[in-house]
Amino acid sequence: MQVSDEVAIEINGMNKWYGAFHVLRDINLTVNQGERIVIAGPSGSGKSTLIRCLNALEEHQQGTIMVDGTELSNDLKNIDKIRSEVGMVFQHFNLFPHLTILENCTLAPIWVRKTPRKEAEETAMHFLEKVKIPEQALKYPGQLSGGQQQRVAIARSLCMRPRIMLFDEPTSALDPEMIKEVLDTMIELAEEGMTMLCVTHEMGFARQVANRVIFMDAGQIVEQNEPEEFFNNPQSERTKLFLSQILGH
Amino acid sequence: MTTLTDPPKEHFRLSMLLYDTRYRSATIQVIALIGFMLLAAWIISNTIQNLEALGKPVEFGFFGEAASYDINQRLLEYNSRDSHLRAAFIGLLNTLVVAVLGCITATIIGVLVGVLRLSKNWLVARVMTVYVEMFRNVPVLLWIVLAMAILIESLPAPRAFRGDEPEATMKLFDSVAITNRGVYVPDFLFSRSLGDIHLFGTSSLRFDISLDLVAVLIVLAGSIFAMRKVSAFAAAKQESTGDRPTIWYIQLGILFAPMVILLTALGCHLGYPELTGFNFKGGTHMRNSLIALWLALSLYTAAFIAEIVRAGIMAISKGQTEAASALGLRPGRTMRLVILPQALRVIIPPMISNYLNLTKNSSLAIAVGYMDITGTLGGITMNQTGRELECVLLLMLVYLSISLSISGVMNWYNNRVKLVER
Amino acid sequence: MSDVSFVRTEMLPEQAPPASEVGLIGWVRHNLFSGWFNSILTVISLYAVYYVLSGVLPWTFQSVWNANSLTECREIMMATWGSTHGHACWAVINDRWLQLLFGFYPSHLYWRPILSLVLLLVALAPVLYSDRVPTKMLIITGIYPFLMPFLMWGGTIWGPMSAAIGFVLGWFVYNLLNKQLSELIGMIGAAVAAVIWWLILSSYFVGVMDSILPIGIEAVQSRQFGGFMLAILLGVVAIGVSLPIGIVLALGRQSDLLIVKYMCVGFIEFIRGVPLITLLFVASLLLNLFLPPGTNFDIILRVMIMMTLFSAAYMAEVIRGGLAALPRGQYEGADSLGLNYWQAQRLIIMPQALKISIPGIVSTFIGIFKDTVLVSIIGLFDVLGLANAIRADTAWNGIYWELFAFIGALFFVVCFSMSRYSMYLERKLQTGHH
Amino acid sequence: GTVDDVKARGTLNCGVTTGLVGFAAPDANGEWQGFDVSLCRAVAAAVLGDASAVEFVPTTGKTRFTALASGEIDMLARNTTWTFSRDVDLKFEFIGVNYYDGQGFMVPKALGVSSAKELDGATVCIQTGTTTELNLADFFRANNISYEPVPIETNAEAQQQYLAGACDVYTTDASGLAATRATFENPDEHVLLPEIISKEPLGPLVRHGDHEWGDVVRWTLNALVSAEELGVTSANIDELSAGTDNPEVNRLLGTEGTLGEMLGLDANWAANAIKAGGNYGEVFAKNIGEETPIGLARGLNAQWTDGGLLYSPPFR
Amino acid sequence: MQVSDEVAIEINGMNKWYGAFHVLRDINLTVNQGERIVIAGPSGSGKSTLIRCLNALEEHQQGTIMVDGTELSNDLKNIDKIRSEVGMVFQHFNLFPHLTILENCTLAPIWVRKTPRKEAEETAMHFLEKVKIPEQALKYPGQLSGGQQQRVAIARSLCMRPRIMLFDEPTSALDPEMIKEVLDTMIELAEEGMTMLCVTHEMGFARQVANRVIFMDAGQIVEQNEPEEFFNNPQSERTKLFLSQILGH
């Protein structure tokens, strides 16, 4: 697990409002190539919003976001470029229920990357094997368990060969037995050196793979640190409170 | 006195009819069936007695007699000497015409309004809401009557086109006349026509098929077939290289070139409507009663379809759009590849039941004097012959078969697109 | 690596958003002119709204309210505005609005339909607001079906009484036979007893009681019903009576008794497959043919019968939806406690299924209610029929838009509020507590 | 028979149109008024002695015959043309003619048409469900000219379409045309063409086979006609009822003879009928006559003594 | 905890099919009065089906079932009799949401047993006290927690004073905190000597109260034994596999 010096994401003085509500306040963050960052924080603190801004799913109103050297502006071309560099996995999988697993995985490569179908299918099978469900390729999402669906969602993102992966609470909608299989997949991905930003409450996962843990509250980054430091020696009162709740459970 | 005994078996007791689950359901069903048959027998015997008293035994012979009335809007040739059966047939075709036209426009308007109601533009969304609520909450009969009144009052009468300085003029390079009697548009005439085929001889069901039209259709079918071949080729190309070649100009060429050649060969030209005497002559005439009915039915049904479309799109969770965007799909592609295929499953079944309603509502045509099946068979024919029982029963049968075929299609579709679930 | 560690010492306060995000400007920018496409749409809609309003508003408000005939109206318009076009003659509404609302119902008895309507709302309250209205009010709901006809048609009180006695009798016979023999026999016996009472004994009973104790109010012929009242009456009767029929049909359609099931399916699909107007033709032309020679009851009753059958088919589908929405566990729970089929239906399934179905029932009611205008085609004087009759009066011959505007507005107000109400119910059901 | 039914019921059920200017329409109080309506009232007065004991049942072109056949109404007084097939095939009994009419055409003066034969290619508004539809088809067919029919449910709508120019010609019974024209904003701009293309004897009808009832209605109508001929009016009837020198008047008014008894009615049945709305002439004048906005001339409907067709058989 | 010699349930050569699918194969089982039996087995093995057959919620096609001396046949009277002798508790409680807790409990006694309302309410309160929620009597099921609802369901069954109680995974739809309160109620019931058949995966409960554990797989009874023996010394391979999965978790 090496972190290069190359900058993957750079956020500078970013602010965002929903109407009059100030959700993200003066966010500054630099993520290097190969870094794995876990974002934690109480509900409503703006974690999802932050992640979604990186993918232009939400617009930000102030500040700049540079992803892989491209500035996230209103320019459609830039947005397209960034989206094809950045994969995203959602809490509720958001698989396309009318397409088979394989079609889910090949849809974007074929229509966005203009990959020949054959090649796209090979790639898809490759990643489905990686997430250990190649045998389900011809089923429909509705026929899989939650954990399997989430792994398909990861494979689907990977098929676009992104340089950065964003995860928004990928395990919080899953039954406990299934959480593990998804986390295993993510750990494997991390070991391969993928740049990852992951919103999660799985602290075991954070300890194991993260380079850095970011704690957000009330729309701001309150604390960031290496996992060991963060868990053993939290600085801010809010972090302490949060950790006592999470870990005490 | 016999020494033989039956093999031991569970002997049947009368009470088992009531208490034993195996017999109980049979008991209930037999009672229900007997009740139903008694009711039916009672009704039929009453009817027979009553009809006898009236001296009108059930018979359908009057269908062969001359109808003696004229029908203004018709697809096939008909005159007042034709039989009642033919009049009914003409009426049926008129019903189908307005139903099909109505379904098409209702769908277009409905989808448009449904999408616009979801628009982020506050004003547009409000205007569409007002439209939907206005139409949904006022009886369709009123809309039909109003549409007719508006057409009659707001469009110019043919006499307004007359004179040196007419109050009204024809539209589109003097080819279309819009009057309060209807719309006159140019039609296609063939100077080297191939003639007609006569089907069913001179019977009530007779109709002529223009060979010119057949030729046009064949060529059109050929072109479409070729176009599909081309797009299949493009798709194959995309599969193998990933790039989809631009083919729309080839397709256009395939579509139009043979058609143009054929039409020239047939000596096709337009017959323009012209004001002669009291009315416009020439061209194709669409009566205002048809237009009013069509307009009112489509606007009314579109209001319902809009709601269905809106609900259908909203039922596809926002997550689907987001996931597609996150994969880099543009909004247009997202709509076509992700949202629509899913929304259609939700939308189509209620949409078809609205088509059904529209078809049934078209029976209100009598309010504006459009001669559909209710106007001919259930209207003038019934009125002039006094054969209420036969006419009403036949009328119901016709509508029932239309409805059943539509719902048959619906069931077939539903079964086909059912989502595979665990 | 100490460079990654960061601790915020002071929390950032909430800041006001940039000006372009909020306020009138932000709103207009976001809602009306976000992008060229939206701007074009906005302009087009503005124009459309202006076009419609500029036509309708002057017509509506520069109008004549007091005149005795259309000619007089026109004279006043000429005198006031110098033209007869573009001005409404609301005088016709002023002259005839009571007739449009009540038809030919005797004017000194208008309180009866009004009271019926008010009582209807009272009777519905415990059903619609079961959580806020005392359950005791259900008594009114029970009495209403007998009280309403009495109020509307008047006459002797023994008629509705005798109808009610039929039900009581049926209940009695059912209990008796159910205890003695079996439930199935009980139900058949109850039905037979009630039918015998209604068809044969009831008329003697009414005759005798009426001569002993003549209690009654002035009778009104159903021919005198008309106008908007007729629409409401037809709608309420059709929905009210079709509810039990619909329940039976829905249960029949769900049942695994094949013959019963197909009879129900056949009925439902037949009714739903033909237009209402053909059923009204049956009511006006054929229904008498189907009944024993010499039976003759008036057209309004016949229309009510056909409308009821019509709405029963739709009602059955609505209730079937409600039944389908109930989890299987409810049936199993009832079964495992030893409740029999009818007890389970009555105590467990129906109360819940009907509650789920209320929005659907309201929508069906709106549909039926709108469809009542079709009775004008068979010559009944509902609002639309009356409008035609009014135009046949020498005084108002030639008037048009005003009547239709009035009728449209009447329907709009009633249907719109009901549809809003049903949406509210739906939302309440979705989020609602149990 | 129906006579007894009506007496037992205490009201007469009389079928009328759903609304035709001058012939039948409810007023603001829901009271029916019109020429046909008066006949219903006269019959009610004759049978029950009370001109207001009538239930008016509005019928459409479609429902009128069923309503009569099924017994829902006792008589139909709804501008219905007496034709062979209605009388014989449909099993009804026309008991006389209360209005002699014929189908005519109305056109705007501006069209410059002076004869129906010049109407080739014209658009014609007609009311459906009446004999006019059939007459029209026959007329144009016989003259070998083309036309385009616009079928319409009610007179009011036909009028609107005609005025807006959606049809060139409006055809219906001449009485209807005149009545309609009378209510136009500018009646002078429209003319009635000279051709009357059909005979339209309009009369009340009852069910076939119930002769007692048929007699009652027939002779009530005749009584109104005779009354006019004999000079009996609602103004002088009380005076005349005391007895006159004219034996026919006496028989009519029941002071002499037993005509009422023969019909199974009171002796003064005819007097009641006449009192209900006056004699035929009075009814005509009040509802559709020249003094009314409708302004129909008596024409064919004058007494035979004045050159018209009204001719009541003698009361003896 | 005494087991009498009286037979409560006797199943002989029972077979059941769903369409062509053979769910229950040749089941033979005798349960004595006062016995407490736990049925375990992998998902889909037919445990629920077996239990539901005992209550005539499902029909069996072959073999006989005698409950408390009454044969479960097609005769409605027998079915009614058996259902009033046998109480059943479901995984998803199946309380009637439109009735209060008290009404839920009195419904069947009033309508089936024709008990006077007063008496029925007293009985109901008695059993609600037993399951420790008398204070909730006037609330609606939707207002209670899962554990409370399940206890109401037990009380509702008890109000019919059944001689046999069937439980179909009564705790599997509950959050962990609530499982205990339901199990406690069941243990109490067991201690009073109620005949119980219980499908459950709570092995602690099985050890504590069961007289016998029955292991089912593929529609057949694979093994039955006393709890200690069953857990410590399983005989069949399938049982071993199953136990390793369940306990290893």
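Chains here go by letter, A, B, C, D and E, matching the order in which they are written, and residues are numbered from 1 within each.
What we mean here is this: a contact is a pair of C-beta atoms (placed from the backbone, for glycine too) under 8 Å apart; a residue touches a chain by one contact, two chains touch by 3 or more.
Which chain is which protein? Per UniProt: A, E = Amino acid ABC transporter ATP-binding protein; B = ABC transporter permease subunit; C = Amino acid ABC transporter permease.
Small disclaimer: the values here were computed from a predicted structure and weren't measured.
Asks: Any chance you could name the chains that touch chain A and chain D both?
Replies: B, C
Asks: Determine the set of chains touching chain A that also touch chain E.
Replies: A chain counts here if it touches both chain A and chain E, which gives B, C.
Asks: Farthest chain from chain D, going by the mean of C-alpha atoms per chain?
Replies: That would be chain A.
Asks: Using CA atom means as chain centres, which chain is nearest the centre of all the protein shown?
Replies: Located nearest the centre of all protein C-alpha atoms is chain C.
Asks: Could you grab the centroid distance between chain D and chain E? Build each centroid from C-alpha atoms only and quote it in angstrom.
Replies: So the centre of chain D lies 84 Å away from the centre of chain E.
Asks: Using CA atom averages as chain centres, what separation in Å is found between chain A and chain C?
Replies: Roughly 53 Å, centre to centre.
Asks: On a C-alpha centroid basis, what's the spacing between chain B and chain D, in Å?
Replies: 43
Asks: Counting only residues that touch at least two other chains, what does the list for chain D look like?
Replies: Each of 62, 66, 153, 160 in chain D touches at least two other chains.
Asks: If I count partner chains per residue in chain C, which residues reach a count of at least 2?
Replies: Residues 281, 285, 288-289, 377, 400.
Asks: All pairs of touching chains, please: list them by chain label.
Replies: A-B, A-C, B-C, B-D, B-E, C-D, C-E
Asks: Spell out the part of chain B that touches chain D in their complex, as residue ranges.
Replies: Chain B residues touching chain D: 54-55, 68-72, 79-81, 149, 152-153, 156-160, 180-181, 276-279, 281, 287-289, 366-367, 369, 371, 375, 379-380, 382-384, 386, 388.
Asks: Tell me, which parts of chain C touch chain D in their complex?
Replies: Those residues of chain C that touch chain D are 74, 84, 95-96, 99, 103-104, 107, 221, 223-224, 281, 284-285, 288-289, 294, 296, 298-299, 377-381, 385, 388-394, 397-398, 400.
Asks: Which part of chain E faces chain C closely enough to touch in the complex?
Replies: 55-57, 80, 83-84, 86-88, 90, 92-98, 107-108, 111-112, 140-143, 156-157, 160
Asks: Using the touch definition from the top, list the residues of chain B that touch chain E in their complex.
Replies: My answer: residues 16, 18-22, 24.
Asks: Under the stated contact criterion, what part of chain D meets chain C in this complex?
Replies: 17-22, 24-30, 55-60, 62-63, 66-67, 70-72, 153-156, 159-160, 163, 180, 183-185, 292-294
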